[in-house]
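You will see subunit A twice below: alongside subunit B first, and alongside subunit C after that.
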Partner chain A sequence: MTAITKKGTVCWRCHAPHSGGHFCAACGKIQPLARGTDYFAFFGLPQKLWLDCAELEKLFHQLSWKLHPDNFVRAGEYERELSLERSSQLNDAYRALRDPVARVEYLLAHAGMRKEGAAKQQAPPELLEEVFELNESLDELRTARASSTDDSHLASLKQHLEAEERKLETKLREVDEELKRIATEWDAAFDAGADQSQRKALMSRMNDVLNRRSYIRNLVANVQKELAEA
Partner chain B sequence: MARTVGIDLGTTYSLVAYVADGLPRVIPGPYGSPLCPSVVSVDADGSVVVGEPARRRLLTQSDRTIYSAKRLMGRGVADVQDELKLFPFRIDPDSQHVIRVRLGDRVFTAPEISAFILRELKSWAEDFFKEPVERAVITVPAYFNDAQRQATKDAGRLAGLEVLRLVNEPTAAALAYGLHEKQRGLVAVYDFGGGTFDISVLKLVSTGEGDIYQVLSTNGDTHLGGDDIDNVLRAAEWEEIQKIGLNGFSGLGEHAQMLREAVIAAKHELSLVDKTFVKFPAPDGGWYKREITREEFERAIAPIIERTIGPVKLALADAHLKPAQMDEVVLVGGSTRIPLVRRRVEEFFTRKPHFELNPDEVVALGAAVQADILESGVKNMLLLDVTPLSLGIETMGGVIAKIIPRNSTIPASAQELYTTGVDNQTGIDIHVLQGERELAKDCRSLARFQLKIPPAPAGHARVEVKFLIDANGILQVHARDLHTAEARSVEVQPSYGLNDAEVEKMLEDSIEFAEQDFSERQLIEARTEAESILLATSKALADDMAAELAADERRNIDAAISLLRAAVLGSDYKLIRARVDALNQATMHLAELMMNRVLHVAVEGKRLEEV
Partner chain C sequence: MAYSDKVVDHYNNPRNVGSLDKNDPNVGTGLVGAPECGDVMKLQMKVNPQTQVIEEAKFKTFGCGSAIASSSLATEWVKGKTVEEALAIKNTEIVKELSLPPVKIHCSVLAEDAIKAALNDWKKKQASAAEQPAAAAQQ
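So, the complex of A and B:
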């Protein structure tokens, strides 16, 4: 397990050497956080994507009891600072790990493998045709709304777009399923002690899925916004 | 050891509470009630009157008296333009990033006015314990932004209090209820007070170490409360008055306050009876009186009550919960006494809400519990609260990049890495905002600052900026140069509110108030109280009902008046107090006569001024 406290150092208070952990094993004082500590390690978890959320919540509560600034109101300034640093990290980590998609996002970002770039704005090839059609329908809807002469035309356009929205939602579920499949592969590769290049390949695939997912989500949000205004 | 207390710094009333034998209790003030009206009045000589006597001065010296100053906390001049149509705030023209209001010929910021209230409560507690009180937990509306929280913390500091923690009002209420009712599961707290509305959704969990109160989401409106109800009623009444024409009634200054008090009294009565009168003494000596039914009242205020439902829906959506999934619903705040509010909440959640604890006191009680936890170090309860608004930084084109989403458990943080875009650039400007909208111009500016960079080729600098929201919900910014691992100091200029130097300056200035002699303050308050009861009595004696008094009753009243007048000339505040009480006793029957006529119900034991 990765150490979450500055490695190769000694306790700032009692100078006992320590090998990581939130508190000094010798004197019990809270320790400064190592730079770049990963959220999984913070909870003492391996970097795997399947997580029991009830178990994670339990860990979150246990650590909250120990790290929360409430415990350090009467402590010295340095300890108060460390508590603030560690408890904010705890909350940030819990926020990222409790949600399955945010968890993948975090894993990739931490490894420097989350690449949105231009891909965010570009339609995935297999969706090109549909997106083209969808944009046409949205244009039509806006025109119809502006002229507002033909109510039945507007109604049928709305119906069409609602059907499109349902299709996109289905696609989103498929994407989520795909992400889940790769996550399972990731966990298996992790257990098997896969090498760096294998991991990178998996992360790169997850990155593509995440980009596709965020693209579709934007489409859905757009359609919903236009429908709400129509 | 100095005591630690919990303080509810409310829009209309403020309270102070403490914990003894494991139970929170409120501390009564010099008038017996634990409710201190959040009203401040400043004399020409600079002496300050707070609470009940100040409230009475709204009717006699409205230009040097202020109420609902909480509405101005952490706000800029542009923010309060709508409020100025409804509240008699006299904003100083020199106000810039912080509002200054005129009271008589002096000028104060909202934190200074709140500090007067906090200092009053501190003195209540010190009189009660007979020992100094130096630390406090102060509550704030859950939906308060960073500037409003910072202003509250500044107020505490100006009042000579170390603010151990700012706690969100609905969370404090949940703490008091949790202790009282042993509640578990999902709880919605609907907190509708004098000036603010909050909704918080909590999960109460029992763990091996104790109970965790985890806030899942919160929402609200920091400018929606009983004040708004009063303003609607007042506007409606003013229309009625203009229809019939009321000789000499300007509707301004003291007249506006008289009308305000009259509609507030009617509002309170309509929570108990089906109809009552809006009634106040007319300038020409008679009475203005108009009947108002609960039905008419509810029609008038329904749109305001409905405005609370939007935030409730948003809070539930953020927690991914449906109204029916709540195990308990708790009502907090004076405005939840209104039957329509209770009906609407019950209808929305399809569940009878709790209001077993006094809705005026429950927030202060919760604050006392949190103060006790922090002070005693006995930890069997833990609050995990959230930040109500997303934190973002302005990026290219005025677009916001959200770095800490709303409803994140606090403390929460986010890191951003900055570098330079051109050679030898020596600074990077950073603009921090709070809010949910996409564009910077639609969000609340919190602060601006510049990162100083040593001259170097473009892209060489690596500065990591850490934005951290602490357990009070207040932003801290730290910067670190990644090349040298050195911390960089960041001087943050708040967009709204006081900077450190201004608070320091005020602390120095405020010593003159702090050192004001205790008995002198008591004397001012006793005199003010005497003034207002004398005024009320002479008004009542001019009323027709006075004719129904027996001759000896009338003689007793006249004697009590002379005695009180004589006492006011002296400087013995205890004597003045005693004679105020004597006059109140003597006029009790007159008050009842007038009350009976007005309400057609027997209300006994009311003081004349309350009729």
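So, the complex of A and C:
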């Protein structure tokens, strides 16, 4: 991004005070993005995790219509550039916010609280046991497929894995419910004006849930892939 | 990404693949995993209670080549070492030996964690066996 100004500066065109919106309140010219503007602020929303998706879609359509480069074909080069930049940011912002899980991912990433691959992130032990057994079943399935002598064995392995897949899907739903519960806590904390440490604690819990979620999702994807080939 | 020759060697000819009886009081089992990539690693060691020497080590790992190589190397290294010596193995030594790139360092961390988890499991078993000598003798 090239065109960034500090929040609370003046309009580049008419020099009227400008507080970070998309357009100057005085002259109506498109403005560069204020530094530190997050995707929530982009839509004029607070950093809360519950979002009315219909409302968000409406805001998205309104903004994409206002920021669209077609509106700026006869404007100066700087304005055309800003319109392009803002339009692409709008698409990114919409993609990040419309899905509840992506929204949490974004909130944490923006705050520097999304941590993957760190040494101390261990999967929960009760899950590991299952994962190990699941992988062994997958191995067995691959071997049975390669030899393809015993059809009934292959069929029973497939059945077993299909049952495992359903269990994982249930787990995934549980994880999503958990994420939703913490998101509700986050919104309540936001409204109550929670301090930095409370926010960080909530974000770190959400980060753990997101990691568990991606772990289970990878497993589901693996099982589905093997079953599709079997 | 290109794997180092040593990783490829361990990947193609993994050492000590298999399992030991996890109910054996002299066998410690460590099961660890990395949530971000779905790797799971099981490391088992059989310790001589008199000498504290690790006599046998087996592993089974589901994961990328670096994870397999790290755990294969770990079993090679712990064999013949005492429990204390094995606990002193650092992931950085594995990184060095296998020339792991930065993105694969977590595989070596996993292997170190697996050694520690297995030996902790063994220690727990020894402690509970010491608490109930009569019960152990009856078995």
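The definition used in the following text is that the second predicted complex is superposed on the first by the 215 of 230 C-alpha atoms of A that agree within 3 Å, B and C clash if a C-alpha of one lies under 4 Å from a C-alpha of the other, contacts with A are read in each partner's own complex, and residues count from 1 in each chain.
The rule is short, and it goes like this: a contact is a pair of C-beta atoms (placed from the backbone, for glycine too) under 8 Å apart; a residue touches a chain by one contact, two chains touch by 3 or more.
These numbers come from a predicted model, not from an experiment.
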| item | value |
| --- | --- |
| Contacts of A:Gly20 with subunit B and subunit C, given as first, second, both or neither | neither |
| Subunit B versus subunit C as contact partner of A:Arg74, first or second or both or neither | first |
| Partner chain in contact with A:Pro32 - subunit B first, subunit C second, else both or neither | neither |
| Which superposed partner A:Gly44 touches (first subunit B, second subunit C, both, neither) | neither |
| Partner chain in contact with A:Pro100 - subunit B first, subunit C second, else both or neither | neither |
| First (subunit B), second (subunit C), both or neither touched by A:His61 | first |
| Complex interface listing, subunit A residues touching subunit B | 58, 61-62, 64-65, 68-71, 73-74, 84, 87-89, 91-92, 94-95 |
| Subunit A to subunit C touching residues, read off their complex | 116-117, 119, 121-123, 125, 127-129, 131-132, 135, 139, 211-212, 214-215, 218-219, 222 |
| Residue ranges of subunit C touching subunit A (in the complex, touch as defined) | 31-38, 40, 42, 60, 62, 106, 109, 113 |
| Subunit A-facing residues of subunit B, complex | 164-165, 205, 207, 209-210, 212, 373-375, 377, 379, 382-384, 405, 408-414, 468-471 |
